[in-house]
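Structures incoming, each one as structure tokens.
Next come two complexes built around chain A: one with chain B, the other with chain C.
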Partner chain A sequence: MANRTAAIAAGERAFALSLFLPAFLVLVLITTFPLVYLVWTSLNRIDLAMPWNSGFAGAENYARMFDDPRFWHALELTLIYTSVTVILQVLIGLGLALLVSRIPVGQGLLRVAVIVPIVLAPVVVGLFWRTLVLAPDFGIVDFVTRALGFGSHNWLGDPQLALISVIAIHTWQWTPFVFLVLLASLAALPIEIFEAARLDRASAWQRFWHITLPLIRPAIVIVIIMRMMIALSAFAAIFAATGGGPGTATEILNLYVYRTSFDALNFGYGAALGVVLLVITLGVSFILFRLRRSR
Partner chain B sequence: MGDKEQNRKKNHAASRREVFQAVAVLGAGAFAAPYFIRRSGAQAADLGPYQSAKLNWRQAEGEKITVAVIPASYFENLITITPEFQALTGVEVRYEKVPPGQIRQKAMLDLTSKTATYATSATDPMYYPLYVSNKWVEPLDKYLNDPALTDTSWFKYEDILKAWRDADSVEGKPYAIPYDGEVTVQVYRRDLYETKNLTSADTFEDFVRNAAAVHDPNNRVWGAALRAFAGAGQNMYIYPSIFRSFGGQWIVNGKIKVNSAEAEQALTWYVDTLTKYAPPAVRNWNWPDIADAFAQGTLGAYIDAHSSAAVLNNPEKSKVVGQIGFARWPKGPGNKRVTSIWNWGFPINASLSEKAKRATWLFIIWAASQETQARTSWKFSGPTKRSGVNRLSTWHSPEFTNAMKSSGENFVEAALQSLEQDTDVDWRPRVPQWPAIGDTMATAIQSALVGQKKPKGALDEAQARLDQIMRG
Partner chain C sequence: MRRSPVAGAALLCLTGAFLILWTFPILWGLLTSLKPELEVLAYPPTLFFSPTLGNYRDVLLGATTILPNLISSLIIATAATVLSMLFAIPAAYALARLKLPAGRGAGFYILATQMLPPVGLIIPYYLVLQRAGLLDSYPGIILIYLTFSLPFAIWLLVSYFEDIPREMEEAALIDRAGRLRAFLYVVLPQVRGGIAVTSIFVFLNAWNEFLFAVVLGGNNVRPVTVAMFNFVSVEQTLWGKLAAAAMIAMAPVILLGLLAQRHIVKGLTAGAMKGGGRG
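After this line comes the complex of A and B, so read on.
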């Protein structure tokens, strides 16, 4: 009897395995293999400009980052870019969601309207901002600042303004995402608690701080995690708008990886930088997930 | 994908047409014979200048090759007359037009993966050291010296401009044959200069003084402009000339040196001149923007490729036709004038089959030959006659001078003198690490031009980075 159950179980396991295997193999082929290959590349000296140096390098590419000021600069920019864009997105998105959740009619229309930036390809967004919004003399922003008497500025050509501009571009594109998620979770809140609070004469601020915020906290944390992962790996919009310039003013880590690998042709070092970016992204996500679970 | 599809359709159409032709010939028979004899005679005369070479042009018959070029009029002219090459050799040529910003990456992708997609591609001369150290392209001396492949007395390799031949060679060996090229020259507004009693600048000081004299931004005239956009082919195209004119050396004791005293002076001159006398947007400008601004009458002078003259002389777009003067680069404090040695050359992809290599070589010598150079320049039937011809004899020919005479005063003379006297093979550092050097320098120069860093600081930082890159 026991033998038969075991045999059936084994048969089922084999069947389950045969169902699971194709998907698993495809996954290994398209995600695990490139990842392992990336790590392997990062442990080698592969510089097309100096092919005579090629060979196994161990941790050399990683050690090199410590005295590479451009790496530290890129890392700093990545952290600024990520934290500022995520904070702005959550603040603006939450504000808009709170405002709109009070609107009784026409919410559907608004929801459709805000989807537009999200569905645009980031590279299109970058080009669109560069040529139509931020171009000196012709751009919309420049037109507004001149009309208000702030004068014309080279929005993507000046180092400080360029960083602000790429942050604005990313915030513009992705705030609607935060807005939509938070709007949905606001709509799902139980109305009874708010009624009870109102009966207890809680002020609007108290209701927001003690009821709304704790209730939508899980949604906010998930949104922050998702936005951080995307911001850390941002590439196309910046690449199209500034190419990392002027100089290295908007060269976040991802762009530095690209420039090292495909402009300077140092694939080994570029791969090592890519691995570091991956580890940072995984680390940040891991910490945030832990924070989410801990309460 | 769409391209391939179209080609296949074309091929089908062609073969169908051939069948019809064959049937027609058979049917028409003897009646049409005199006509066909006359016609083939006319065709032979057409290819005569090529067939006079002691060379079997049909040795790679039936081969198909793909050539990557950039979308530019000088290649369009070549594409237009390529059916002549196919008639001459029986080699089928397919062109792929790749924008200049992507052609290096596309070519390199092909070369590294050894897919042999491009038999040859229009190549940036700064990339040969890299290609050669990876053995991606064929050394061409064996093709030039093989009597079965080259009739030396017909091809006259030595007639091709020396600076361009040198630019396409590594350690004395040629790796590509120049097809088209350019020199950087001074372009100025004759009318503005005449009213202020100025002549074209002979020295860097003159250039700045002239710029100051005509500088009048309130009336939308700026003194001068130079390419300033970040990029190995933009600001790192103009800066090397300035650097060398100040007496700078790229390689000192076998090491790359970019923060010498001369470098600092050169970069300071570049930054100061543009800050004082160029339109503010110049930091985002590449040559087409500069040529457009000049054509609109808002610039007193600029220094850039002689081929930009084509834009200035287009009466539909230009307000300064007839007011344009040309001169050589001004002399720098190092008592040197240094022009660009840029040219588009054709190398042979080393991963090709032997027969495809021969077919490619035939294509290259056809494109670089005296006759094709003439047929894409003054003999060309279209509106744009190429001005970047590759041969000294062509530059000296009265037909060429005649075709170029509408470009402006002193055009051919200034360009030719520059080609003969102001070229410098060490204009830019010719090493395999050029892509990284070009990128690093472009970034450093831009940070100085936009005022993010002082020239000295920008160059020191570039030096530190290059030391790290060159260490490997």
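After this line comes the complex of A and C, so read on.
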């Protein structure tokens, strides 16, 4: 009998493996192998502008970063862009979810409407904002600021405004994500706890701070992790809206990697920057997952 | 409820404000797409005008037609969806339901592949496809699209496989033929909905992809996300045409998004609610 059970278990393992292996092999081929190739490329001099110079370079590409102000600038912008967009999305999304979860009318409408920004291609959103929303003189925002007496501004042409603008674009598109996920987790909370707290005359603020927040904290943490990962890989919307400019004003690390590889055609240095980006992404996700588990 | 009517009205207004914030740019684009080119640049912007379908005619049938690009997008997104599902459905079943050797590690591996930054990987993709002569070709691009659609599809499907009751398949799990039959005829019919929803999201992501398309594509393979740039250049923006092209490119994803509306939270958080809980 034990033999038979063991045979069945072994059969199931073999069956499971045969179902899983095809997908696994495809993923090894198209993610793990390129990853190794990326690291190898980063150790080589591959500059199509200077093809005669190609060859193994060791850590040269990495050493170059220390004296590259554009790299440090991109790193700083990545930090600003990621933290500001995530904070804004979570604050606005959570606030709105809390408010909307209490109204009976209009909730469904808003829930459907916010799906639209989420499903749009970031590159289309970037182009839309670059033209219809933010273009000087013709965009909606300029129309509003002029009507309010703040005058016309070059929202994507002025270095500081451009950074604010690309942050606004990302926040506009992805706050609905946070809103929907948190609204769903609010709706899943047991209503009895709130009734009891109300009978105990707990204020709205106390109810939020001592009941709601602890209960939805796991959802908030997950949302923060996901949004950080997405913000760290943001590319298309910025590419479409500013291309990383004016100058390097909105050139986060992703844009810098792209421009180095595909505009300057320096694949070796681009790959080294890509490895740094990879290390940052994996490092951040590792820390966040550890934080999450320790709670 | 002890809330005052004033507070209630304020709440409704705030909700309305956000509703406008998120829908107005799109509605504005729709209006712009229906305006003649002269009307587009009028200041203050006109709300009432005689609508024309001229922009749509131009971007579909004119010299700057995006019709080939729409077909390109359709081919890539459909192929990427079908291939992803073909590999993802069995893999997700094995992860969710069967005693897969090193199952935790396998689940974590798939989650980790999702975290690799695309901008980094695009460099080896470009260099390898260039050497293989597969730049600007459908097989090349479709294969690369699996890098993001396959892990996503597996994780979303795992959650659907886990939702179905276990009893029914157990009797059939004695031998290999039984297992395969159970998978095909008992388990799969129960996750039809999950498969449909997953296909929608995979298609949506593939349709919206830009970075891989712009780097690995070219004159043969130029999906609509890349073709949008036809209407915007440093010198001038063809407002009406851009808006019309954007509306056409947006229409399928908005429709699909609304179709899968009730599943969107699950789709958005695929895998994350477990957060690699298996790994």
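What we mean here is this: the second predicted complex is superposed on the first by the 273 of 295 C-alpha atoms of A that agree within 3 Å, B and C clash if a C-alpha of one lies under 4 Å from a C-alpha of the other, contacts with A are read in each partner's own complex, and residues count from 1 in each chain.
By our rule, contacts are C-beta pairs under 8 Å (C-beta built on N, C-alpha and C of every residue); 3 or more make two chains touch, one makes a residue touch a chain.
In this text, all values refer to a predicted model and were calculated from it rather than measured experimentally.
Shared-chain residue A:W52: touches chain B; no touch with chain C. Once the two complexes are laid over each other on the shared chain, residue contacts for A:G247 go to chain B alone; chain C is not touched.
Shared-chain residue A:L163: touches no atom of chain B or chain C. With both structures placed on the common chain, the touch criterion links A:T31 to chain C but leaves chain B unconnected. Considering which of chain B and chain C touches more of chain A, the answer is C.
Residue contacts after overlaying the shared chain place A:I216 against neither chain B nor chain C.
In the superposition on chain A, A:L94 makes contact with neither chain B nor chain C.
In the superposition on chain A, contact of A:E12 is made with chain C only, not with chain B.
In the superposition on chain A, contact of A:R70 is made with chain B only, not with chain C. Applying the stated contact rule after C-alpha superposition, one finds that A:I230 touches neither chain B nor chain C. Overlap of the chain B and chain C contact sets on chain A: residues 137, 262.
Only residues 45, 47-53, 64, 67-70, 136-137, 154, 157-159, 243, 245-249, 259, 262-266 of chain A touch chain B when the two sit together in their complex. Taken in their complex, chain B has these residues touching chain A: 105, 108, 112, 130, 133-134, 230, 280-281, 283-284, 432-436, 439-440, 443-444, 446-447, 450, 452-453, 461, 464-465, 468-469, 472.
Chain A meets chain C in the complex at residues 8-9, 11-17, 19-20, 22-24, 26-27, 30-32, 34-35, 37-38, 41, 46, 96, 99-100, 102-103, 105-107, 109-124, 127-133, 135, 137-138, 140, 143, 172, 176-177, 180-181, 184, 222, 225-226, 229, 232-233, 235-236, 239-240, 254, 257-258, 261-262, 267, 270-271, 274-275, 277-278, 281-282, 285, 289, 292.
On the side of chain C, the complex with chain A involves touching residues 3, 8, 11-12, 14-16, 18-19, 21-26, 28-29, 32, 40-41, 43-45, 87-88, 90-91, 93-95, 98-101, 103, 106, 109-110, 112-113, 115-128, 143-144, 146-147, 150-151, 154, 173-176, 179-180, 183, 204, 207-211, 215, 225, 228-229, 232, 237, 239, 242-243, 246, 249-250, 253-254, 256-258, 261, 264-265, 268-269, 272-273, 275-276.
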